[in-house]
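In what follows, chain A forms one complex with chain B and a second complex with chain C.
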Partner chain A sequence: MKDFKKVMFRLGYNVLVVFLSAFFALPILWLIFTPFNEKPTLALEFPLNPTLANFAKVFANDYTINAFQNSLIQSFGATFLVIILASLAAYAFSRVRLPGKGIIMYILVLFSSVVTGIAAMVPVFFLLLKVGLIDTHIGVILVFSGGFLPTAVFLLKDFVDSISTTYEESALVAGASRLQIFKDIIFPLTRPGMVVVGVFTFVQVWSNFLIPFLLLRSSEKMPAAVAIYAFTNDVGIPKIDLISAYSLLYTIPVVAIYIFTNKKYGFRFYGGLKG
Partner chain B sequence: MQLLSKKAAMIFILPGLILIFIFLIFPALWTFFLSLTNYSLLDNSLEFVGLKNFFKLFRDQRFWHSTIVTFQFVIGSALFGQTALGLLLAVMLHKKRGIMKELLTNFAVASWIIPSVVVVYLWAAFLDKEYGLLNQLLGFIGVTPRDWLNKFPMWVIIIWNIWRGSAFSMMLFTSALQTIPPSYLETADVIGASRWNKFRDILLPSLKNYIGTDLILITLWTFNLFTPYLLTKGGPGNATEIFPIYTYHEAFKYMQFGYGSAISVVILLINLGFALFYLRSMKGGKQ
Partner chain C sequence: MTQITGIKLNSIVKRFGDVTAVNNISFEIKPGEFFALLGPSGCGKTTTLRLIAGLETATKGTILFNDQDVTRAEPKERDIAMVFQDYALYPHMTVAENIGYPLKVRKVNEKEKAKKVIETAKQFKIDHLLDRKPGQLSGGQQQRVALARALVHQPKVFLFDEPLSNLDARLRLESRTFLKHIQSKLGITTIYVTHDQAEALALADRMAVLKDGQIRQLGTPQEIYEQPADSFVADFIGDPPMNLIDCRLNPIKGNLEILFPGIKVTIPEEKLVLNKKVDPKKDYIFGIRPEHVILADRKGDIEGKVYAIETLGSMTLITLMVGDSRVRVNTHEMNLGLKIEQEVPIKLNYDMVRIYEKESGLLIK
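Up next is the complex of A and B:
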């Protein structure tokens, strides 16, 4: 009787594992197979005669290449700005006793989690409209940076806090200039933290749809996330060949970055930062 | 020893602070002001109207419909969906090895990291009435093809979001389970505890704080999620017009910024409630 129960449990367990695997895997299979098909459709077909023709179409199309460039401009722009401003602020917050420091950090983190999504975009759209930054790369970059900076400062401060001040103190005693200290001690020591913050910002901006969708208008400035909706023929039917290959190319950097960071830093980093 | 003078520190902090103030804090406060006006981009009018927008909002059928749909979406996909499925996955795969575990976790994580626009195309293909994989598979067991997105839109966005987000909860709970000393479970085995008892007395208590954290974060994210718009456009009709989509329609489609801001204020206040609750529970967890 006990054996029977055990067997039934194992069976039920395995059925559950297979079912859940199918649940997560089935929608994704289309992304893996379809771009290599000669005539891609919405149906899932295994590419018996795999071809790279659909990728060639992506690279031959000025509009798609331009969209990838825009994604790169916006992602790197925001990443660069967030890393620079966040490390400066985090260093100062960590090393200097400022009155009300704790309160400021608390308010910043609170605002960054509250002011999110579309509710935040109503006033932001209005603001950019008033100052003439609607439909500009710089507007998009500034909005992303403003949103991610509090989390970035918070994380980097934690990171700098964990680095002992003795290196800096002995360098100061030995007569090193502030610039030298920053360049030779602080920058190398905080680099892992900067990588974490940078990767996080890059992935978030690269994948984001809402912000460029609302803040940009002209098609030549649209990043990949928004441009994909313009891949239709003259009568508005989506071009599946282009879309499938493009989707895979657009996804690969995110997956590659995830594998890299997961190996190096584990989940705590990626999960703790998302949102 | 003072490594950095107070003045230098201020110079380091100010650029970031200014950016945060202009693009994060100021807009949030400005929404409150805008919500008290009749600002519309259509005729460029801007008059102070007091709480009129809020009175209008609370009498608006669409607002209440949106509230109900949002509740269904958040409770269905965040509370019962992602948290429960994440918990199930973490517990059932704890201390397991093998190819099936790798497959399951990797596909779950993949559905979490693929950019949302791609995910939407994948689901549109998966659910397509004529060619979609779902209808083909169901065809094998004799189910007639259905137009899932139009016939069961709420179910689709709820299941879609469970699929999309469960990996986060799974990973959070998995890392929590790893902090349990192995000797606890070994001892339980020695005294012959049942699976259920081990779950209830060892795994669940150590997950308690994490479940709280997970619930607040997931609820906050789901509550603000705009992506279902790409699947359903809030439709058919306004069947899936959750708060973010409702806000989008009022503010950006009908260009009613005053009214749209009033909805935003409601959302921001609810977010504030979640965030304060979260920060408080974080503090409590640390002590």
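Up next is the complex of A and C:
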């Protein structure tokens, strides 16, 4: 009797796991298989006669290639800016004796989500309009950077905190300047943290739809996330063949970046190294 | 050869907010001297070292290197080297890069740098480890790398912040000897911070004992060991520690009565000449090192009862109950045939007895 109960429990548990896995796996399988079908639909079909025709159609469209370029400009731009500024700021926040710096940090993190959130979009739009950055890559990059910087500083500060100050002191005594110390010691030791922050920023910017959609006006500056909306016919019916192929291409940079950084640096959520 | 530097600290005060870490310290270190700063944790010894290194700035007072005022100078203007307690070896650099770092920031060209790194590494017998990362080294090897890095640019002053405390006991002894050898050979002015009195005694030419941000005694290890200036120093220096017993002193007609808890000893006054008049109502501390208490054959000054016998290899530590106090006796004799609770006569070497006032802790003999 007891064994029967145990078996039933195991069975039920496994069925549930299979069901849940299938539920989450379906969209991913659709994303992988559909573009290779001759006539893609919303149903999941295994491509029996795989074809690259859908990709050819995507590449034939200048607009889409251009959109990928824009995505790369904006994502790398914001990532680069966030890493540089956040690491400098994190170093300062970690090392400078400043009264109330914990509260400043907390407030910054708390309000940072507002910058890239919907509520602030109207003022952000007007702000960019006034300074003439509407419909520019710089404008988009700055808004993203502003939004992600506090979180990035917060994450990186933890990394810098875990680096013993004696490294810096020994370098100071050895005759190094502050900038040399940052370059030779702090930067290499916080690099794993910068990688985490960088990947985080890249993925967020790459996948964001709303901000570029609102802040950019001309279609030749739209990033990939926005361009996907162009794949409808005149009456607004989505072209599944283009969308499916395009979606798969759209995920490649994110996956590639993740695999590359994980292989090269490995993701770690602490700084320093054991002496 | 680098120029040998003397160091002078004039009434140095360092405050952190309301806390006074260093309270009016003055001392002078002669060129080429091995100087130790000794004290319990929180006594201000590390702060003093950091002030000399330039990692902290003094609130008051001046620091001179060879009559040149460096009180407000940046560390890099002082041409010093420092070895930290955790060695602070850069974990992402190889041993060679670590040793070469002071040369790198001095913009020494690559060829000369490589030459000097190998030269220094050979001197410390770590030239076979140059390609490794610090994480792959043992504690002793890490320490040698830290020393090599500190010495590679031939600093004027060598600073140590408890460099041996992370090593196990055996390695610590070996490293201590090595340090002493290197320092004697190079003759670089050295300041060494430690809380281990044995280390300070073993290494230093002269030393300062600190407590609560002030110097309690300054002198050679021998002076400090034999003539501790106050009861704190007496208690802090020496292993096994000095016997310090509360007592009262009562001079009667050319004799001196020493009243220990539970026992009284009377000796002729000339045996224990005090530099201050004795007040019979005041409390005193009677101090004598364990090696100056001698087991007598027949008649001694006092009788003690054996409490414990500990064999320490080269010597035997015997603890006696004298009156109500415990007295440690250190002897080189091995087979004493003593039994616990046995009555033993002891003699005191009165030349080496130190008397302190209980209230002020000051030495009066």
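The rule we apply is simple: the second predicted complex is superposed on the first by the 245 of 275 C-alpha atoms of A that agree within 3 Å, B and C clash if a C-alpha of one lies under 4 Å from a C-alpha of the other, contacts with A are read in each partner's own complex, and residues count from 1 in each chain.
Note that in this section a residue touches a chain if its C-beta (ideal position, glycine included) is under 8 Å from a C-beta of that chain, and two chains touch if they have at least 3 such contacts.
A quick note: this is a predicted structure, and the numbers were derived from the prediction, not measured.
Undergrad: If we overlay the two complexes on their shared chain A, which of chain B and chain C does A:P150 touch? Say first, second, both or neither.
TA: After superposing on A, A:P150 lies in contact with chain B but is clear of chain C.
Undergrad: Between chain B (first) and chain C (second), which, if any, makes contact with A:L11: first, second, both or neither?
TA: Neither chain B nor chain C is touched by A:L11.
Undergrad: Using the touch criterion from the header, give the chain among chain B and chain C with more contacted residues in chain A.
TA: Of the two chains, more chain A residues are contacted by B.
Undergrad: By the touch definition at the top of the document, which applies to A:Y167: first (chain B), second (chain C), both, or neither?
TA: A:Y167 contacts chain C only, not chain B.
Undergrad: Have a look at where A:A176 lands relative to chain B and chain C in the superposition and call it first, second, both or neither.
TA: A:A176: touches chain C, not chain B.
Undergrad: Contacts for A:A256 in the overlay, against chain B (first) and chain C (second): which applies, first, second, both or neither?
TA: Neither chain B nor chain C is touched by A:A256.
Undergrad: A:A56 contacts which: chain B (first), chain C (second), both, neither?
TA: A:A56 contacts neither chain B nor chain C.
Undergrad: Given the touch rule stated above, what does A:P188 touch, chain B (first), chain C (second), both, or neither?
TA: After superposing on A, A:P188 lies in contact with chain C but is clear of chain B.
Undergrad: Under the contact rule defined above, give the chain A residues that sit at the interface with chain B and also at the interface with chain C.
TA: Touching chain B in the first complex and chain C in the second, residues 169, 172, 274-275 of chain A appear in both lists.
Undergrad: Name, in rising order, each residue of chain C that touches chain A in their complex.
TA: Listed in rising order, the residues are 53-55, 74-76, 79-82, 84-92, 101-102, 104-106, 134-135, 142, 149, 153, 159.
Undergrad: Show which residues of chain A lie in contact with chain C when the two form their complex.
TA: Those residues of chain A that touch chain C are 164, 166-167, 169-177, 180, 184-185, 188-189, 272-275.
Undergrad: List the residues on chain B that touch chain A in their complex, please.
TA: 1-6, 8-10, 12-13, 15-17, 19-20, 22-28, 30-31, 34, 89, 92, 100-101, 103-104, 107-111, 113-119, 121-126, 128, 130-134, 136-137, 163, 168, 171-172, 174-175, 217, 220-221, 224-227, 230, 244, 247-248, 251-252, 257, 260-261, 263-264, 267-268, 271-272, 275-276, 278-279
Undergrad: Give the list of chain A residues in touch with chain B in this complex.
TA: 13-14, 16-18, 20-21, 23-31, 34, 41-44, 81, 85-86, 88-89, 91-93, 95-96, 98, 106, 108-120, 122-127, 142-143, 145-147, 149-150, 153, 165, 168-169, 172, 178, 206-207, 209-210, 214, 225-226, 228-229, 243, 247, 250-251, 254-255, 258, 266-268, 271, 274-275
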